[in-house]
Structures are given as structure tokens and as C-alpha cells.
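First up is the structure itself, then whatever we jot down about it.
Per-chain numbering from 1; labels A, B, C and D assigned in written order.
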Amino acid sequence: MKEKKILFVVVVLFLSLTILTIPFSAGYAKSKNTKSIKIGVLLPLTGPYAMWGKMFQNSMELALDSVGWKVAGKKIELIIEDEGGEDVSMALEKAKKLVEANRVGLLLGPFYGGSALSVMPYTSSIPIVNVKWSQPGKNKNEIGNKYGFWVPTTYPDNTYPLGQYAYEEKGIRTVTTIGSDYDCAYEFVEGFTDAFKSKGGKVIQQQWAPLTEIDYTPYLSNLKMADAMVIGTLGPPAKLALFSQYDQLGLFKKMPIFISEVGTLPSPVMQEMGDKIIGVKGVEKFLTSLKNPEAQEFLKSYQAKYKSVPDDKASDAYSGMKVVLAALKATGGDTDPDTLKKALLNVKLNLPPGPFQFSEGRVGMVPLRVSEVQRVGGKLQWVPVKEYPGRPPYVETYP
Amino acid sequence: MELIILNVLNGVSFGAILFLLCSGLSLTFGVMGILNLSHGALYMVGAYVGWSIAVHQGLNFWLAVLAGGLVAGLLGLIMERGFFRHLHGMINEQVLLTFGFIYILTNLCLWIWGGVPKAPYTAPSFSGSFDIVGDWTYSKARLVVTGIGIVLAAVLWFFQEKTRIGAIIRAGMDNKEMTIGLGINYGLVATFVFILGCFIAGAAGVIGASLFGVTLDLGMSILLLALVVVVVGGKGSVQGALVGGILIGLIISFGKALFPQISTFLVYLVMIVILLIKPSGIMGKKVQDR
Amino acid sequence: MEALRAEKLSKDFGGVQAVRDISFQVQRGEHLAIIGPNGAGKTTLFSLLGGQITPTTGRVFFERKDITALAPHRRVHWGIARTFQIVNLFSGLTVLENIMLAFQGTKPSRFQLMRHAMSYGKLFVKVEKLLTTMGMWDRKDEFVHALSYGEQRKLEIALSLATEPKILLLDEPSCGLTGAESAEITGMINNLESDITVIFVAHDMDLVFGVAQRIIVLHYGEIIVEGTPDDIKNNTKVREIYMGYQGRAKR
Amino acid sequence: MITVKRLYRPAIFASYGPYMIGLAIFLIVPPFLPMYVQSIITKVAVFAIFAMSLDLIMGYTGLLSLGHAAFFGVGGYMAAILIKNFEITNFWIVAPISIVVAALFAAVLGLIALRVTGIYFLLVTFALSMLLASIALKWNYVNGIYGMAGIMRPDLGLAGFRLNHIKFYYFVFLILILCYFLMYRVVNSPFGHALRGIRESESRMRALGYNTWLYKYITFIIAGLFAGVGGVLFTYQSGVIAPQHLGVTVSTLAMLICIIGGIGTLWGPFVGALVIILLEYFSSINAPERWPLILGGVFVIAVMFLKGGIAFHLKKLWNKMFLNGSFKG
């Protein structure tokens, strides 16, 4: 009989747990005070991109600390939800909850491309301003959303300067490319090759690996020798393994590497990888070695509060929040979509990567820096070698 | 010409990793009839533990392999004693239970080691490469891994075919009731084999990490491959896991080189074909239709 | 009228010759017993007749039609039903549900998707009649796993009777039963309708001599003797096989 | 001589009580809930249909499939393709076609899967669904890994009648009731009884004249059809359908819903869907970083302690109160 009792208790506990959570969150919807500005945020706290979730949260909170969590006299309330990783429908459910229950004035995120595509139709139908620090692809129904803003530039524009640099400065004439089999990687490679081919360069091989790839050695041993190898972007499982496999096949001596995101090699990982990655070139907006005051101030305050080195994506989130705060200041805290949209469009601000402004197609314009891995004072660092000023995206956008 | 040699080497070394992973899974599946889907998660936990020991603390690589194995073995003990003991023969309960463990272990790893993927780490004597053919060089780590795979295969084969415990295990696989009838404490042997399987998974994680590094969704992606190998190789036999592993490794490496578009389908297609022609796998024991 | 005929049936399992060119005939309504020591190939022969396994050589005829390769479930539709040596019932279902399934097995309504299973009045009448004759009507709502072994054995036979067979193959119907229970089984077989042919395998000699009109003795997969119960009783070879087993083998 | 058409006529309320109460709750309460909870309850109804279809083959026929999400995903993808690529918006064209396509897939895959039994059936169905998922992952026509998004509420072809949140919920709930009724008939028909027989002992069923392979094959198709219904409604409800909705995570979720709800009863999966979908959603709201831990814990607790599922215990509780304890499992 005793065992039956335990079972019964478990069942009752079980049901009460689920019933209990419903009113809790429903009641939550009742707190509608207009004094504070509510900002809803979708972050990848679980799933394959969980490493950036925490970093985004830190950077945003850092930006809010700098204004004391207040703008135009109103308190700012940050409501953070997990966008989940693989299940793109979860991001949409959370967006609905933020809009309908928490009555957020504007929505930040989600980060992962799939989640962004599934949330986009919902946010544009309400409408609600949706500022993102993930890079937009050329996909029309993403970049076509009238209330969508992207702090970083598009994928192809991000790697366009790298293609120019490779041809003009390094005298590279032929390249072979590798990337994961999804549109983010296609467009990163496309940006590089558009610039490279427009100068007269030749692409002799393109390889695409599944997103969940674990072992890149077969692709590397299948490489055709060219002046350089270009990496689009690789699925999370083993992107770092590619570099050590590249080294184990002795290819660093034969072919320099150009990568499209400096974020692929964050600083803790670089120290682990060691000297083999010296000379790898990449392109990014924010680098810890930048000299401008905003960059140094962001770096120092991030390291002081979180004891770790911020990377380019952290700077995107920090810049994103700074831009939003500037726009909210301009509108006196009013989050009406159209007024906020106008305010965002004429935000001009100096941010860690440099002077920032939105293009008419609502894509962020900041200077891009081609940089190289060098050992500076005993630590491996990304050192800028050439700066390209921010300019409107060459890819078609829809103002 | 070198392309073929390289691909064969890649296939065999990747196959060795798959063997390291699947030998444990195949044993536990064969001996206890339990399909432990969280085997991949144990592989990942082992790899993370190995990273902490080898890179974080900077200790000897082989100590990391041992540590990874022990932690995974301990988890295996908890799983077997606490849960699997009550679920003999209830296959869908087992599948659900092990799937629950995947969720738990992955989130625990996220909690303990954070989200940043770990770069491949290996013993100092194995990093680097050596010239084999033309101007191509080949990584020492991959050959070491292949070597470990072969050595483990020999040890497990000897353990299964020649030792007394091995005989008990094989008898148990054929007819469990009869083995128990002979007065052998089959439960104890089964538990020992389960923990051994998990130990091998954890150790394989560390060895595999010397090639692939460690990330959070390694548990799931490696599991899918492991299931294919166990089916192709045949459950319960060490030789099956080795042959299955090498075969799948070769299919994958040649698939990626020659027709990358369909390499992922290929693996599942092979699994389905084998399941239809010979459900017990290439080397597996004949399946009695109870 | 000839109900069943086997011609030179033989079956080997990877070199082991379980049954070697067995031929015999059974007339309609006749009660035939198949006896022999363990391992004589009785169950193999039985599975060949039931269609569970197909013979290596030889053929089986049912009312002169060749059914050697006919699938087991098709044979039931032609009127050949069988029971199992190890009780093989639907233990998770009630006695009533077991019998309903058995009755439906050969009826077109078995594929009916929409109508409620319990709404077949005519079928229900037959079920009620069979269960009362078997004396299990009051146990009809009982789960099979709650029945006694004897009742399960009776239900085993009831299930095959429910398919209204022309030929009834009983695999050791009284195995594991007490004297009284096996006597009950003997009585039940004897007052079956006269046109049902019964072929059964047994060790229980009272059942054999109480029911069989003809007996076949198998030994090492071969028929060594065939005849009426009296011939078998005083046949020297049969006595030697059985006695030989009790006493020291003379050879 | 008993001539009653139906043998059982116990008191109406006692045997139909649970249905009435359940129906009342799910018809009256939703309008008062906030909109996003309504969409979650709609997701519960969608997964209830999907889990019931899995229960047909798992609970009633005893076949363990780890790839049932394949038909769920195929139904969803077919609807998304018709809406996005063919621009057919009328629900009464999109839904039937998608459901039929899902059933066709079940017919084809069933031929392959039913050649093996037991743990190998589980592995073949797993491999088949992962094969479909990896095809969807690579196929640009269906937008690859991101899947197809931006699918609005179904247009029922009635001029001026727009399905907003709550109307869509009632629409889905109506389809759930219809599916439940159809599956209830199938399960209690002679065909349904034969399925239970196959679960108990397939060899005995063959000896009684049933072509057991054909029964399993038909059930596989019926289950695929209802899974397709779930898939179509999921695409409308969530607005997106992606490769992982074909894969093993959704199949295991359905399996968990059946186990927790209680296999072998049709309304078990309904209770299971309610508990699991709500738990998954609200645990991810209240513990954004640790919700997989909670969900994983629930997996383990459910399997270890809830033998027979919640429905079993609720029924026992219900019978104790009303049928003074004459409870049969």
C-alpha cells in the first residue's frame, strides 16, 4: 500500500506543478504600469549558441549600467527569455509572450537565423520595432521587414573588404572556399568572392560541409592548392577542430587562411591553439586592440565587471543597447513603432567599433577592420591591419 | 593517388573513434538488451572532464583519459543501479529514460563548463604531423587514435573470447535464463559490463577530443553515428563494432570527398539496408524472434 | 471422405532430420492420436500440418487440395484450427474478449473499422453458447492472467473451437493437468460434433486411449507403427520403445 | 437469451463524467486566458492529436516507433509547401492534400519498417525519420535548415470570417474532438480489438486466422494519417515548420506524452500533452537557462514512478469515487 501512496503523491504534485505555473504567468500579464519602459530580449541561453547568450546579457546590462537603467526619466525593465536552440517555433512562442503578456515596447533578438525568420512575420504584423545584433542575410522576408533594425552589417558586406584586401594587399589570385551548408556561410563566402572576382581573382573550388559536421579532415585532404583558403562559417560542433586538423595536415605552411568572423577564434581559445594560427586573417568591427576611447572604456568596464575579454559579438550587443537608448532618449521614452523607427534612423553615435549610423535599409554602418592574429606581449591577439570606412550595404535592402 | 590513401587513412581513423564509442554501446546493448541513447552524452562528459584535466589543470593526457573514463563509469553505475535495474525488457521506457539523461547531462555540461567550445587538446608527443606521401603530411594524433582503437579491439576481443567473464557474457547474450540457471550471478556481470561500456565511452571522449574538440551538441551528433555503427556491425559483438565502425568511417570519408551533397543520407541509407537484409548486423549473433 | 493427407513429409533443421518422409491419411470425423517419446518429431510434424513451418520435401492435402505452402492464417479460413503446447492466450484481455477475437477471426467483420465490437448480437449468441458449454460463462469478465492453469487450457481449446474448424489440431491438450481436469478434456473432445476431425499429440495415455480411434507412433522422426488403440497396446516394438526407456536397453 | 445490443449500460455520468468535465474546462476556460497561453493550449491540442496517433501503434498494437515524427513533419511540410510555394491558401484544399501525402509516406515507409520487429523496428523507424530530416535539411526548395516560416492562420474560405487566436483554438479543438471520435471508433471496433490481440500475442492471432502483417500495416497508415493532421495544424499554429520537426526529438516528445498520459487509453495522451507541453513552456520561462534539466528530470520521474500513466491513476481515482471501486484496468 505504501508504494501506492508515493505514486499518488507524485501524481498530485505533478498536476499541481503545471496548474500552478499557469496563473503565475497569467497574473504576470496584469502588471501594466506605464511608468517603466519594457524591453523584451530573446537570447540563446540553451542550445548550440549558448556561449553567446550569457555574453549578450552581460553587454546589454553593461550598457544599461552606463545610463543607470533610466532614460528620459523612465525606468527600464529588461525581460529576458531563452530563444531555445534548434526548435525555432519556441522563439516565436516566447516573442508572443513578451508582446502580449509583458507588453514590451520593443523586442531585441533573437540571434539564430532560423529563429529570426520565424519571429519576423509576427513582429512585422503587430508592428513592433525589432532591433537585432545578429547579421541579416539577403533573405527578402527577413531584411524586408519594415520595423527590423540590424546593428551589424549584412553577411556579404561583412566579408567584402576581406576580398578586396586579399587581392590588393596580399596579391592573392586564386582561392578555395569551405563553409557549412546553410545560407549564412553561403553569403559570407559570396561577399568575399564578389569583391575578389570584381578585382579579377579566381575561385577554383567551393566545399560545403553539413552543419553538424564533426570531422573536417576529409574536406581538407580534398583541397585543391590555391593562394589562400577562405572559411565562410562553420557549424558549432567542431569549427575549432578544423584549425588543428589543418595544422596536422601541415597546410598552414602551404596556404594562408582567411576567416569571415574573428569571433570564430575568441581569445581564450586562441591561447589554447598556440602559434600555429599566427597569420590567420579575418575581418570584424570591434577588436580589443582598438585605440578609440569608446572601445577602451567598453573593454575596461566589461573586464572589470565580468573578468573576461569581450569579443566582437559582445560589442554588437553593447552597441545595440546604446543605439536603442539613444533613440528612446530622442523619443522621450515613447515606444510607438513609427516614432521609434524614425528616431533610430537618425541616431548618430560613437561606439566601440567607431562612428555608427543606420543605412536607409535599417542596416548598421560601422568601419570594418581586416585584422591578423599576432603575438603581442606574450598573448595572441587580433591586430587590425587595414580599416575600411562604414558605408551602405552593396546588397539590395528595402527602405 | 594520394587522395585515395588520405581518404582511407581518414576513414580508418574516424572509424577507430566510432569503434571506441560503439564498443561500449554494443556491449551494453548486447549483454543487457538496453539501448543506452545517453552513451553519446557520456562520451561528451568524458571529453569535457578530459579537457579540465589536460588543459585546465595541465596534467598528463593519459591521466585525462583515465579521469574521463572514471567519471563516465561512475555515471554509468548510478544509471544502472538506480534506474535500468527496474526496466528490464521495457524497451520504450529505457529509450525515454536514456533520452531524459541526454537532456540532463547536456545542460549540466553547459552549467559546469559554459558554452564556449573547447579546442582539440592532445598529449605533447602526439601533436604535429609527419610526411607520408608526396608533399602531404598526416597528423600523428589520428594515427595514435587508430592505434588505440586497434589495441582496444584486441583487448576487448581477448576479454570476450578467451576469458571466463567473456564466456559468461556471450552465454548470457544467447540465453539469459539458462546462464542464470547455471548459478552465475548474471546481474553482477551485466552491471560490470555496463560500467565497463560507460568507462570506454568516457575514455573514447577524451581520445576523440584530441581530434574533434568538445562542444555541447557532440552528445547528439555522435549518438546518431554510433547507432548506425551498432546496427551495421551487429549488437553484442566487439568484432562487429570494429568492422561496422571502420566501414561507416570509410563511407563517410569517401562520401564527403566524392559526393559531399548526399554524405549524410548515405549513412542512414546504409543503416536501413542492413536492418532489412540482416537485422542482426554483419557480425551480430542470429536474432531469435522471441 | 478424406479430410487430411500427408505425403512423404520431411523437414531438416540444418542437418538435423527432425521428420523423415511421413505419410498418413485421416478421414473426416476421425480421432487420430500421434504419440512417441520426446524428440520424436511430434511438434515438428504438428507445425508442418498447422503451416507454422514449411516442409523441406513432401506435401499436405486438405480435402484433396494442396495446402503445403498455404499461410497459417489462411488455413484457419479453410477450417484447420490448432492449439499450442505452451498456453498462448491474450492474457491482458478478458475471457469474453479472447473468445470474441477467436469468433471474428474468420468472419468478414474482422476488418470493420467503425462499428462497435460489442454490438454484434448474432456473434454474441454463439459466444454465449460456447462459453456455457465450456462452463466458463460466469468467468467471462475475468482477465485471462487471473484464470487457473486448467481454465487457461480449456480456454485454449475453446478459442480454436470458436473458429468453427473442420479439423482440430490439439498439441498436448491435457499437458500439466490433474487427472480430473484431463478427464474433463477427454469428455469434451468426445462429444464434439461428429464431423470434426481431431488430430492430437499427447503423452497422457488415458487421454490417448480414451479419445483416439487410430494411433500413429513416431520414433526418431519416422512412423514405426500405425493402427487402432488395441494393436498399439500389445505391439512389441511400441512396448520396447516405452519399456526400453524404463528398463535397461537390451541392444 | 440475452438480446441486448450493447452489453454495458452503466450510469451515464459515471462512465462519461471525465469526458464531460474535460470538455467543459477546455471550452469555457480558454477565452479568459491571455492570448499567448491560448496559443500554447492550441499547441497542446495539436500534440494531443499527434500523441494519440502514436498511441494507436504503440499503446494498442504494441509497435515501438521512434520515427513517428516523420509523418507529423511530412504533413506540416506539405502544408507549408502548398501555402508558400504554390500560394494555395484555402484550408480545405491544403489540409486534405497534406494529410493524404502523410498517409502515402506512411504506406511507403510502413512497407520497409514492418519487415522487422521489436528493437529493430524502433531503429528502422528512427533511421527513416532521420533520413527525411537530413533531406529536408539540405533541400533548398523548403528553405533548408531554417525551415519554412511566416505561415498565417488558415483561411477557411468563408468570406469575412477571420480566424483570430481564440477562434483558431476552437477550430483546432473541434478537429481534436473529431479525431478522438474517429480513433475511438477504430479502437473499439473489431479491427481495434484485433490490434489489442496482436499486442498480446501475435502468434495466437495468426493461429486464429488474422493476417497480422496487414493489420499492423493498416494501423501504421491510419496513425500516419492522423500524425499528418497534427503536422498540418502544427504548421498553422506555430507558423513555422523546420527539419527538426521531422527528427528524433519530436518523436521522443510524443513518446513521453503517451507514457506520462498512459498508453493503451485514448485520452491518456491528451492528459500527457497538457502536462508536457505546458511544463516545457513554463519551465523555459521560469528557468531560461536550466529548463532542459527540469524536462530531463520529468522524463526520468515519469518513467520510473508513473507506471501506467496519469490517466490510469485518474481513472482509478474517478472510479473509486463514482463506481464504488469496481475498477477494471
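Convention: a contact is a pair of C-beta atoms (placed from the backbone, for glycine too) under 8 Å apart; a residue touches a chain by one contact, two chains touch by 3 or more.
Everything numeric here is computed off the predicted structure, so don't read it as measured data.
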Shared interface partners, meaning chains that touch chain B and chain D: A
Greatest separation from chain A - chain, by CA centre: C
Most centrally placed chain, judged by C-alpha centres: D
Distance between the centres, which are taken as Cα means, of chain C and chain A, whole angstrom: 74
Distance between chain centroids, defined by C-alpha means - chain C, chain D (Å): 43
Distance from the mean Cα position of chain D to that of chain A, given in whole angstrom: 37
Multi-chain contact residues (two or more partners), chain B: 107, 110, 264
Numbers and ranges of chain A residues touching at least 2 other chains: 46, 53, 210
Junction residues of chain D, two or more chains touched: 134, 137-138, 289, 292
Contact pairs between chains, per stated definition: A-B, A-D, B-D, C-D
Contact set on chain A toward chain B in their complex: 46-54, 85, 207-210, 212, 214-215, 217-219, 221-222, 236-241, 243-245, 247-250, 254, 266, 268-269, 272-273
Footprint of chain D on chain B - complex, ascending: 33, 35, 83, 86-87, 91-93, 95-97, 99-104, 106-108, 110-111, 224, 227-228, 231, 261, 264-265, 268-269, 271-272, 275-276, 279, 287, 289
Complex contacts: residues of chain D adjacent to chain C: 1-3, 5-8, 185-186, 188-194, 196-197, 199-201, 203-212, 328-329
Touching residues (chain side chain A, partner chain D) in the complex: 6-8, 10-11, 14-15, 17-18, 21-22, 24-26, 29, 43, 45-46, 53, 80-82, 84, 86-90, 92-94, 96-97, 99-101, 113-114, 117-118, 120-122, 141, 181-183, 210-211
List of chain C residues in touch with chain D within their complex: 50, 71-73, 76-77, 81-82, 84, 88-93, 97, 100-102, 104-106, 109-121, 124-125, 128, 141, 143, 159-160, 163
